[in-house]
Structure formats: structure tokens, C-alpha cells
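Next up, some structures in C-alpha cells.
Paired with chain B in one complex and with chain C in the other, chain A is shared by the two complexes that follow.
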Partner chain A sequence: MINIFYNEWKGFLRNKLFIFLTSFFVFSLFLVTYLSVLQNKKQIENQEDAHEYIRSQWDEIDSTNAHSAAHFGTFAFKPNTILNSLDEGINSVTGLVLRLEGHKQNDVAYSERSQSLEISKFGKFKPYLIFQFIIPLLLIFLSFNSYTSEVSSGRLKLLIVQGNNINKIVFGKIFTLYSISIILLIITIIIQSLFTFDEFSLDEMIRLFIFFLCYAFYYFIIISLTIFLSIVFKNNISSLSISLIIWLLWTIFLPKTIGNFTENLHNLPSRFELKEEMTNDRSKGIDGHNPSDKRRSELEKEVLKKYNVETVAQLPINFSGILLQADEEYGNKVWDKHFGRVHEILKKQKRTYQISGLINPFASLQSLSMASCGTDLIHHLDFLNASESYRRYFVEALNNEYTFVSTSGDNAYLSNNEFFRSINDFIYVSPKFSLFFHYYFLDALSLTIWILILIFSINYKLRKIVIQ
Partner chain B sequence: MNLNILLYEFHHFIKNKAKLFSFIFFMAICVFSIYNGIVISNSQTNTIEDITNKVTKEHVKVIEWFENGDKGPEDRSWVNIEDPFWSIRYTPTYVFKYPSPLLPLGIGQTKQFGFYKKINRWSSTYDTDIVQEISNYERLINGDIDFSFLIIFLLPILIIILTYNINGLEIDLGIHKLISIQHKNVKIWLVNRMLFYFILVIVSIDLLILLVGLLNIGVYNHPTIFQIILISNIYILIYFLIFYFLNIYTKNSSNTAFKMISIWLLFCVIIPGSVHQYVNYKYPANYMVDFLDVNRKQTYDVFKLENSELFDMLYEIHPSISKEKDLEDLTSNKQNIRRSISSIVNQMNINAAYEIEKQNEAKNNLIRSTYLFNPISFIQNTWNSYTNSDYYAYKDFRIKIQESINARNNLMIDDLWSGKKVDSETYKEYLKVLN
Partner chain C sequence: MIKLKNICKSFDEKIVLNNLNIEVKSGEIYGLLGANGAGKSTTLNIILGFLNPESGEVRMTDNEDDLEINRDKIGYIPENVNLYPYLTGVENLDYFSRIAGMKFTKEQLKKFLLECGLNEVDFNKSISQYSKGMRQKVGIAIAYAKNAKIYLLDEPASGLDPLSSNELSTLLRKMSDKGASILMASHDIFRVRETCDKIGILKNGLLITEIFSNEVTSTELESIYLKYMKD
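So, the complex of A and B:
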């Protein structure tokens, strides 16, 4: 097989078109990866500036009422990961800014795509665009006739007469083509590492390795499937046509149709319906601003009993703060119930889509690629949950200040700047990949199953071939 | 036009399973995409109806308060709907972006934006409740089966499948010279063969577009349908012309297929992707800090101002209240001044939003400047504008929202400062002005 591999490479290196195409891809990958890193760094800087600016406003708050400060709130800006430059995943369509304040949970807003006219349907020209759309096409064009040309030129017979095994010949060809794609992948990984190495942690290295592996698996599938088709159809035109149609189905048609199907299978509520349901549920709770609320009296009795006093005025604390926090906690339960359901539906949709990897390995590739770069839905939901946890901490800290530092009727009490500065900043760190790997097991499994089936199918088909 | 060649090509097309299946498959997806567009359009229309019903019920409830002599809801004793401040607060208003009847022909950027907005006096055009519908983001990046997407991005691939081996196959089979002998001019033979597919594609696509037009708005009432037909036909013609030249100078069919796919990749994926990357580098995604600043910090700062300072700011925005400006009135109008702060904040929001729109416009200008070498983005955005689903359709929606916020604040200022007492008739007037 080594000889076949060596000879194939020699053949490729003699081919001017191959040299040109490979040089073009190497150059493109270098340029695209470098520019993506630059663009990503600029975006990260902007995010950090925005974050620091908003925090500095918080740190400079004059003496003010703690509850007013809860309304003043703060913002969570969605950070970009370093590997966002390789695959930006869903980042261009998700919002970037989330307002965190008392009484309500807001929606993450201001997505990049809502800020301009439409430009590209397939996303920015980042490495993932080359890896997912262009290199597979190159591999199809390099492999569709690599078997049939050997048959039609009579070289296959000659090689077999010389004592070569047909399996070794075909797999030698597959591994030669595969090595080209691996070289292109390695080049990109090296460029990415060169420009961002100082920011790399072990987790980023693991993520890069997963990124490399998923594309390596996918390229093996593309090459072996194209060669398998050329063995089955025995002519160039049919194998090329079918390979192209499959590429089209996998990368463009099936992701859309299966996406549509999963959406219909697991229906998401409309924003209006969800808001109505949440408003209904919340109205059952204690409205901190509504003194006539029935549940208020129950809470009042409980607190008076706890402090062993007769009236609210005798309380050593501010009862309004207790009411606000109770309302907040009820609101949290309502949010957990409804958004928990939405997040569950989103995860179910993702899972169903992942199952489609069994018929469309591109779905598994896309999922693993985004996941390894920390730019998929699961990572986004993690950011939203972390922001919500912070909001709860933030509002509770302010409500406690309001409750325990002032007394009832002392609603004009002003907390000082030192207190506001003591509230921790929101720092979001992308989770370690190992914690999330279980979400992507199905993708890895699908790609592996595809590889095994193709190896088996090629072997099976080759065993049936009789060379006369 | 040589009818014999067209007829021959028709027979070839019918007998070639791959081509026939690809064509039927493509047309089936087109029909599905139109159905998908109708579903999205209906879903938006239903949501708008639900909201309108809910709002109408609330309006009826307030009118009943007036008729029964109630001042407001039982559990809110401080509310007095005869006071313009409260009656305007109890006039729920929504602004809608109604789906275009042509939405089934192209959903464009529809899924990037919200299509309804509840208005109160503190609202702004960049509030966070105006975001897109709850959706699966991974699904958003893959996009919908959208008719315009199929025509702009997938139809060229169908054309490739239909035409890549015209002339190339004859070379592959070594019968090319025979063609030259039978037809004095190979170019005319090629034109006729490609003409068959051109007519097939154009007629099928135009029929689908016309069908949607007829079903939704009536074709003769809407020139936009003809604009969509025109742009799609020009687009298809350009592809046929390019592929015609590739077929003339073909070496073999696989070589031509490679070139055709490369052209598709270049124009549909690489150039738009590169422009996207460059535009994003030049104008990174906006974190809207300036707007957030106005919406939060500066708004809070306004609340800290003295009444006289607030009055001066109000006077600048609403000169109609000038006659009230003296120290004595200021004291008596203290409540009116505090209740009018939203109008000052609204003006600040307008200024901040203007800056954002300016930045977005600069980004759009950059995108437009690339149209010469990035024709796909041009076609895409032109098409989206026809189906009222582009950035500017949603900018118009924001303008409508701003007009509604202005109307609410102006009404509030006028009636507060003139000391108007609201009755059911005045309330009905409010409903007319604000809805």
C-alpha cells in the first residue's frame, strides 16, 4: 500500500493543475485563517471595551437606593471564543447584549445579522466555509475518476498482475487523497495556533483536536464514498454526477429540510404566547409594588412572627425589600418553568437533528465543528443560563441591601458607592469541552458508523470484482 | 431556433433519468418552499390577530370603566383614567410589521427581526422586546427552504446538472466531429440545445411566481410580481450565457462540470463570504453601547435634574407649553414635569437611534459598493426588497414604531399641560390617534 501511496503522490506532483489547486488552497487557508483571527480579535476587544465601560458606570454609581440600582441593572455582552475565528457557528444570528435587571428577564438582543443588509447566505469566508463547502468539492473532483481511470487505462490489471491486492490499491488511493485533506487541515491548525498560541489553554487544545478529528473523519467519508460510487457505477460521469448530487443534498438541502422537520416535530411557542403564559403565572405571585396583593399578607404574617413584632413599622428591617425578593424568586420560578421548557425543546430539536447524522454526516460535522469552537446552541444556552444566574445573584444582593440596611418606611435610604462596587462583576468563562462532550457523542458516533459502513462496503464491492 | 433540435433535446431530457429526476425534485422543493413561506406568513398573521384581539378586549374594558363611572381597576386605587396620564397609559398600543403577500416568494431577513412591538411612552426602536421570534439558532444559520434561496443559490446547480455535458459528452464519446458534419455551425446547435433548458426553467419558475401572485394578491394589481419575474429571468439568463461559453470551449464533460461548479462557488459562496468577512472587519458587530448609555445611564441622570432644568429641556421639544413657564407655574406643574420626562428620554433615544442607523447605513453602503463584483448579494437584497423582507423593510417598521412613540408622548404632553379631563369620547379619540 505504501508503494501505491508513494506513486499516487508522485503522480499528483507531476500534475500542474493539482499543484496549482493545492497551492491555491494553502494560500487561501493561510489568508482566511489569519484574517479571521484578526477579525475575531477585534470583535473580542470591542466586547471587552463594552463590558468594561458598562462595569465602570456601575462602579461610579453615586449613593443611591438599592432598588433603583436593581432597575438600573447591568448588561451581559456575549463574548467570542478564540476559536470563533475557525467556525463562528450561531454567533452571527444570536443577540449580543442581554440586559440584566430587577423584576424581569430580558431577551438577548442586537444580533449581527440584524444590523445590515444580507450579505452571504453561507456565512463569512472563514476556515469552516472552506472546510465544509469547498474542500469536499475538491476531494470529489480529485477522487471521482481515480479508480475508473485505472480500470479504463488498463493500469489496474497491470498492478494486479504485478502482485498487488485490489483492496490495497483502492485504499492506497483513498489514503493518498486523504493525506491531502489532512495536510490542509494541519496547515490551518498551525496557522490558528501560531496567531493565538499565547491565549491557548489545555481546553482550547482539546477543542482544536476535536475540530481536526471531525473534519478528518468527514473527509475520509467524502473520499471513500466518491471512490465507492466510482466502483459501483464504473464510469466517470455517473460517479461524478451522483457524488455532486450527494454533496448538494448533504450540505444544502438536507440541513434545511431536516431543520424544518425538527422544528415541526418539537414546536417552539411564539414569543407572544410565552409572554402571555409567563404574565399569567407571574400575576399569581407577589407583586412587590402592589400593596393589595393577597399573598402579601401571608408573607407579612410570617415575617412579623419571625421577628416577634406586631406591625411592619416595628420591624428592624425593610419589609418592602422582603416583598421584592419574594416576587423576584417567584418570577425566577416562572422563568425556570417556561424558559426551561423552551431550552428543553431546543435541545430536543438539536438531538433530532443530530440523529439525522446517520443519513447526513454533514449534520454531525457541522455540530461537532461548532461545538469544538464553542459556538453552537449548547454553548449559547450555557451563556444565557450563566447570565440569568448572575442576574439572580445581582438582584438578590441589591434586595438584601435594601431589606437589611434600611427599615420599613425608609424607602429613600441610599446605599453608598462602596456597596455597589462590592457586587461581583459578570465574568463568563466558556465551559470545558469535556463537560459538554455527552451532547456530541451522537455526532461522533454517526461519523464513525459512516466510516465503518463505507470501509465494509468498499471491501465487499471489491471482493465481488473479477479482473480478467 | 431549430425545432428539431429542441424536440431532440426534449426526448433526451425525458429519457435521462438523472436530469428529469433533478428537475422534478427541484420543482417539488420550490413548491414546498412556497408552502413554507405561506406557513411563516400565516403564523405571523395569526400572532398579529391574537395580539389585536387581546388589545381590543383591553380597550373595551377601559371604555366600560368610563361607562360605569369607575376610575380604574379595583386593586389600583391610585389610578384615575380621567387623568390623561393614566388614560394614555391604559391605551395599549402595538405596532405591527405585516407580512407581505409576496412573502412566500422570499422570506429574506424576516427571521432576524421581530414583527410586533408593544408601545409605551418609554419605548424605543431598539428595545430588547423587538427581537426575532424564539427560534433554534442552529436552524437559523442553515436557513429555511426559501423560494428566493432556491432560485438564487440552487437553481444554478440544477442548470449545471442539466447542461454540463452538452457538447462535452460528444467529446467524451468521440462523436464531436459528427456533430460538426451534421450541423454547419456547432454554436447554433449548442444554442438550440441550451435554449430548450432555458425555456423549460424560465417557464416553470415564472409560472410558480405567477401562481403565488395570483393566489395572494392578483397578478394584475401588483407590479412587484413582474419585477421578481424580471430579476429572476435576467439572473437565469446570465447563468445560461456563462455556461454556454463554458460548453463551447469544453474539453470534456467532467472538466466543464468542475468549471461550472467553481463559478457557482465563486459567486455564491466565496465572494459573498469574503465581502461579509471584510464588512465585519471594517464594521464589527455593534454592542450598542452608545444606545445603552442613553437608555440607562443618561435616562437615570435626567431623573436627577431639577424641575427648572427639565422644564427647559421639555420646552425645547414642545414649545407649545411655553406659556406655563414661570416659577409659580413650575411649582404647580411639578407633577406634569415629572410625568413628561418620558418625552425628554424619547428625544434622547431618537438621537441615539439616529447614530445607530447612521452606522448601519455606512455598513450597508459598503455592502452596496461591492455589488459590482458581488452580484449575488445585489440580487438577494433586491429580491428581499420586493418581498418586503430586507433590512429596509424593518427600518420602516422601526420608523413606524418611533412615530407611535412620538404620538403617545405628544398626546400626553398636550393633554397633561392643558389640564384636559378624559371621558369615554376622548378615550376613543386616543384609540384612534394611538392605533
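So, the complex of A and C:
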């Protein structure tokens, strides 16, 4: 097989068109990866500046009422990972900043189509677009006549008479073509590492390796499928046409169709419906700003009993703060109920979409590509949950200050700057890939199943071939 | 040696070879004459092991029990020797020899090509610049370097100019003199008469007659051939 590999490479290196195309691809990859790294670095810097500015605003806050500060709020920043430059995933749709404030949870714009349409649309020119759409095309064009040219020229017969086995010939060709794709992948990894090596953590190295593996698996599928089709159809034009049709199905038609199917299967409420339901549920809770509320009077009785006093004015604490926190906690339950449901539906949609990898390996590739770069839905939901936890800590700290430092009716009390500084900042660290791997097991399994089926099919077909 | 005994083969109920018996001894060149579709290529494919006969046996040794098709012993030269166009003559010979499990030095490779009649100036030219005759010589060199005991040639002279055809005959004679058994399928009566020791005429899968070439002239052979074809 090594002789075939060596000979095929010789053929490629002596082919001017191949040299031109490969040089073009290598140059494009270099340029796109380099520019993406620069763009990403700039984005990270801008985000860090914005984060710093927001925090400095908070740190420099003058003495003010803690409840007013809760309304002033803060921002949660989803940090761009270094690998965001390779595949920005759903970040371009969901955004990276979330406003955090008292009384309400600001949702990131989830529309029903946020997942599936993002997958199939062309966004910024990032390396993943070359990897997912252009390199497979190059591989199809290099593979479609690799086997048939040996048959039509009669060389296959000569090679077999010389003692070669047809399986060795076909798999020798597959591995040669595969090595081209691996070289293109390695070039990108090197460029990516070259400009960001000092910033790599162990987890990011693992993620980069997963990124490499998922594309390596997918390219093997593309090459072996194209060669398998050329064995079946024994004709260059047929094998090229069918391969291109499959490429179109996988990359454009199926993602949209399956995306729409998953949306119908696991239907998300519209933003209007969600808001209405949440407002309705919220109205059943304590209204911290409405003194005539029934639940409020029940809470008041409870607190007066706890402090063993007759009136709110006698309380050593500020009852308004207790009310605000109770209102907040009720709101949290409403959020957990509704957004918990939305998050579950989104996860179900993702799961269903991942299952489609069994018929469309491109879906598995996309999922693993975004996952390895930390830019998929699962990572995004983790960020949302972390920022909501922080929002609760943040608002509770302000409500407690308001409750325990001032007394009822003392609305003029102002918390000092030292208190505001004591509230921790929100620092989000992307979770380790190993913690999330179970979400992507199905994707890895689908790609592996595809490879095994193709190897088996090629072997089976070759056993049936009659050479004349 | 090559011995075909009672070989029968049919495709979709059409009989292609009907009880074919041929023996090519060591050092002998056998010419299989016949029109298109007579069963010449099917015969070669059966010897090469690409097709299985429905009945009969193929032997390559004197051992009656050895019915194995051993491709290591066979050198095959197709009608059109399509080699790798991006490789030179030497490189093609080197590649096909390596596949056969043989490694030669550059000097040895050149010697094979020289012995097969290729001019030294052409050794390092890319195959895309070769004429059909030159490619045929490289094809023969591939089989020769393999140290084949059996040579199967499918229409080897087709498309060759008279000089190249003559060179081919000389080359085949040289190899048969070294003990090789050569079976050559062709419909070129003159070339078969000039090159072969024994000639078999195949019609519709049936071996009609066998003639020793030294017993007939080319004109006589042509008359015999035409007579059988018209019958």
C-alpha cells in the first residue's frame, strides 16, 4: 500500500492543477485562520475592555440606595474562547453579552429558528466554512475518478497481475487522498497554535484535538463515499454527479429539512407567548412595589412574628428589602419553570438534530465542531445558567444590604462605595470539554458508524467485482 | 507452460469458449487467431484468474494436481499499455516492479528497458510523450523484470507501425528463447505467422485448427483463416 501511496502523491505533485488548487487552499486557510485569530483577539480585547469599564463603573459607584443599584444592574460577558476563531457556532446569533438586573431576567433572543437556520447559513468567513463546505468539495473532485481512471485505462488489471490486491489499491488511494485533507487540517492547527500557543490551556488543546478528529473523520467519510460510488457506478460522470448531490443534500437540504422537523417535533413557545405566560405567573407572586397585595400582608405578618414586633416601623430591618427579595425569589421560580422548559426543548431539539447524524454525518460534524470550539447551544446554556446564578447572588446581596442595613421607611439610606466594591464580579470560565463530552457521544458514534459502514461496503463491493 | 484443458465459458447463456484445449510449452510462442468476439480475451482472462471457467482446468506447471493460478509467474501485456502518464519509463518500470515485490537499482531498470528495445534517450521522458510502441516496450519490460515464465499478450501489435511490430516479434522471440511460454491473442495474421511457433484459430469459442507456422506461408495462413471464417 505504501507504494501506491507514494505513487499517488507523485502524481499529485506533478499535476500543475493540483499544485495550483492546493496552494490556493493553503493560502486561503492561512489567510482566513490568521485573520480569524486576529479578529478574535480583537474581539476578546474589546470584550475585556468593556468588562473592565462596566466593573469600574460599578466599583466607582457613589453612595446610593442598594435597590436603585439593583435596577442599575450589570452585564454578564460570555468570553470568546481562543477557538472561537475556528468556529463561532451560535455566538453570532445569540450574542455574547447579557444584561443582569433586579426584578427581571433578560432573555437572550431565542427565536424558534435560532438553532437550525444558523447551522445552514453562511456567516462570517471563518475557517470552519472552508473546512465544512469547500474542502469536502475539493476532496470529491480529487476522488471521483481516482478508481475509475485505473479501470478505464486498464492499469487496474496490470496492477493486479503484478501482484496487487484490489483492496490495497482502493484503500491506498483513499489514504492518499485522506492524507491531503489531514495536511490541510494540520496546517490550520499549526497556524492557530502559532498565534495563540501561549494562551492555550490543556482543555483548549484537547478541544483542538477533538476539532481535528471530527474533521478527520468526516473527510474520511467524504473520500470513501465518493470512491465507493465510483466503484458502484463505474463511471466518472455518474459518480461525480451523485457525490455532488449527496454533498448538497448533506450541507444544505437536510440541515434545513431536519431543522424544521425538529422545530415541529419539539415546538418552542413564541417570545410573545413566553412573556405572557411569565407575566401571568409572576402576577401571582408578591409584588414588592404594591402595598395592597394579599401575599405581601401574609409575609408582613410572618416577619413581624419572627421579630416579635407589632408594626413594620418597629422592625430592626427594612421590610421593603424582605419584600423585594421575596418578589425576586418568586420571579426566580417563574424563570426556572419557563426558561427551564425552553432550555429543555432546545436540548431536545439539539438531541433530535444530533440523531440525524445517522443519515447526515454533516450534522454530527457541525455539532462536534461547535462543541470543540465551545460555541454550541450546550455551552451557551451553561453560560446562561451561570449568569442567572450570578444575577441571583448579585440581587440578593443588594436586597440584603437594603434589608439589614437600613430600617423600614428609611428610603434615604445610602450604601457606601465599599459595599458595592465587595460584590464579586461575574467571571465566566468555559467548562472543561470532558464534563460535556456525554452530550456529543452520539455525534462521535454517528461518524464512527459511517466510517465502519463505508469500509464494510467498499470491501463487500470489491469482493463482487469482476475484472475483465 | 500453459495448459488449458476442456475449458467452457458462457455469458448470459451465450457460449464463449467451447471445450477449449490449448498447450503452450516452455520456449514456445502460441498465436491465438480469431475475429472479434471469438473468445481470445476471455481465454486470457481465464488464465489470468479474472474469470472462472464453468468447466475445465488451467495448469501452469507439469504437476497434474497444481491447478492454482499463480500470477507471480505471469507477465501480462494488454492491447494498450496505459502506464502512469506523470511517471517516466524508468519510474513506471520501478513502480510496477515494486508492486510485484521486486526492487531494482536504476541501472538494472535501465538494462531491462534497453533489453526490451527502448532507446536510452527515452528512459527519463514522461510516458505522456511515448508512442504506443514505446509504451508497449515498457509493458514488456515490466513483465520481463518480473521474471515471468508465462507471457500473455492481448493484441500486442495493434496500432504499432511495421518497425515497432518487427521489434516486438524479435523481443518475444528473445524471451521464448529464455524458456518463457508466450500466448498471444491477435487478429493480425501476418504478425502471428512471423512471431509464433504454433497458431490456433478460434471461432465462436471453438478451436477449429492448430497449425505450425513453419509449415505455412503468410498467404497460406490467410487462406486457411478466411476459409474457416467463411464456413
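Throughout what follows, the second predicted complex is superposed on the first by the 452 of 468 C-alpha atoms of A that agree within 3 Å, B and C clash if a C-alpha of one lies under 4 Å from a C-alpha of the other, contacts with A are read in each partner's own complex, and residues count from 1 in each chain.
We adopt the following convention: a contact is a pair of C-beta atoms (placed from the backbone, for glycine too) under 8 Å apart; a residue touches a chain by one contact, two chains touch by 3 or more.
Model, not experiment: these values are computed from the prediction.
**Q** Using the overlay on chain A, decide if chain B and chain C clash or can fit next to each other.
**A** fit
**Q** For A:153, select first, second, both or neither according to whether it touches chain B, chain C, the two together, or no partner.
**A** In the superposition, A:153 contacts chain C only.
**Q** Does chain B (first) or chain C (second) touch A:10, or do both, or does neither?
**A** Touch partner of A:10: chain C, not chain B.
**Q** Based on the superposed arrangement, let me know which partner A:89 touches: chain B (first), chain C (second), both, or neither?
**A** first
**Q** With both complexes overlaid on chain A, does A:202 touch chain B (first), chain C (second), both or neither?
**A** Touch status of A:202: no partner.
**Q** Considering only touches as defined above, state whether A:265 meets chain B (first), chain C (second), both or neither.
**A** Touch partners of A:265: none, neither chain B nor chain C.
**Q** Identify the partner contact of A:164: answer first if only chain B is touched, second if only chain C is, both if each is, neither if none is.
**A** In the superposed model, A:164 contacts chain C only, not chain B.
**Q** Chain B or chain C: which reaches more residues on chain A?
**A** Of chain B and chain C, B contacts more residues of chain A.
**Q** On the A-aligned overlay, A:359 touches which partner chain: chain B = first, chain C = second, or both, or neither?
**A** Neither partner.
**Q** Which partner chains sit in contact with A:240 here, chain B, chain C, both or neither? Use first/second/both/neither.
**A** A:240 contacts chain B only, not chain C.
**Q** Closest Cα approach between chain B and chain C after superposing, in Å?
**A** 18
**Q** Show me the residue ranges of chain B that touch chain A in the complex, using the header's touch definition.
**A** Result: residues 18, 22, 29, 36, 43, 47, 50-51, 54, 75-76, 108-109, 112-114, 116, 126, 128-145, 149, 152-154, 157, 161, 165, 169, 172, 253-254, 257-258, 261, 265, 268-270, 272-277, 279-281, 283-289, 292-293, 296-297, 300, 360, 363-364, 367-368, 377, 380-381, 384, 390-392, 394 of chain B touch chain A.
**Q** Could you pull out which chain C residues touch chain A in their complex?
**A** 41, 45, 48, 50-51, 71-72, 74-76, 78, 80-84, 86-87, 91, 95-96, 98-101, 139, 142, 146
**Q** Mind pulling up the chain A residues that touch chain C in the complex?
**A** 3-4, 7, 10-11, 14-15, 153-155, 157-164, 466-468
**Q** Where on chain A is chain B touching in the complex?
**A** 32, 35-36, 38-39, 42-43, 46-47, 49-50, 53-54, 57, 68, 72-73, 75, 77, 89-90, 92-99, 106-126, 129, 133-134, 137, 141, 144-145, 236-237, 240-241, 244-245, 248, 252-253, 255-257, 259-260, 262-263, 268-274, 276, 290, 292, 342, 346, 349-350, 353, 367, 370, 376-377, 380
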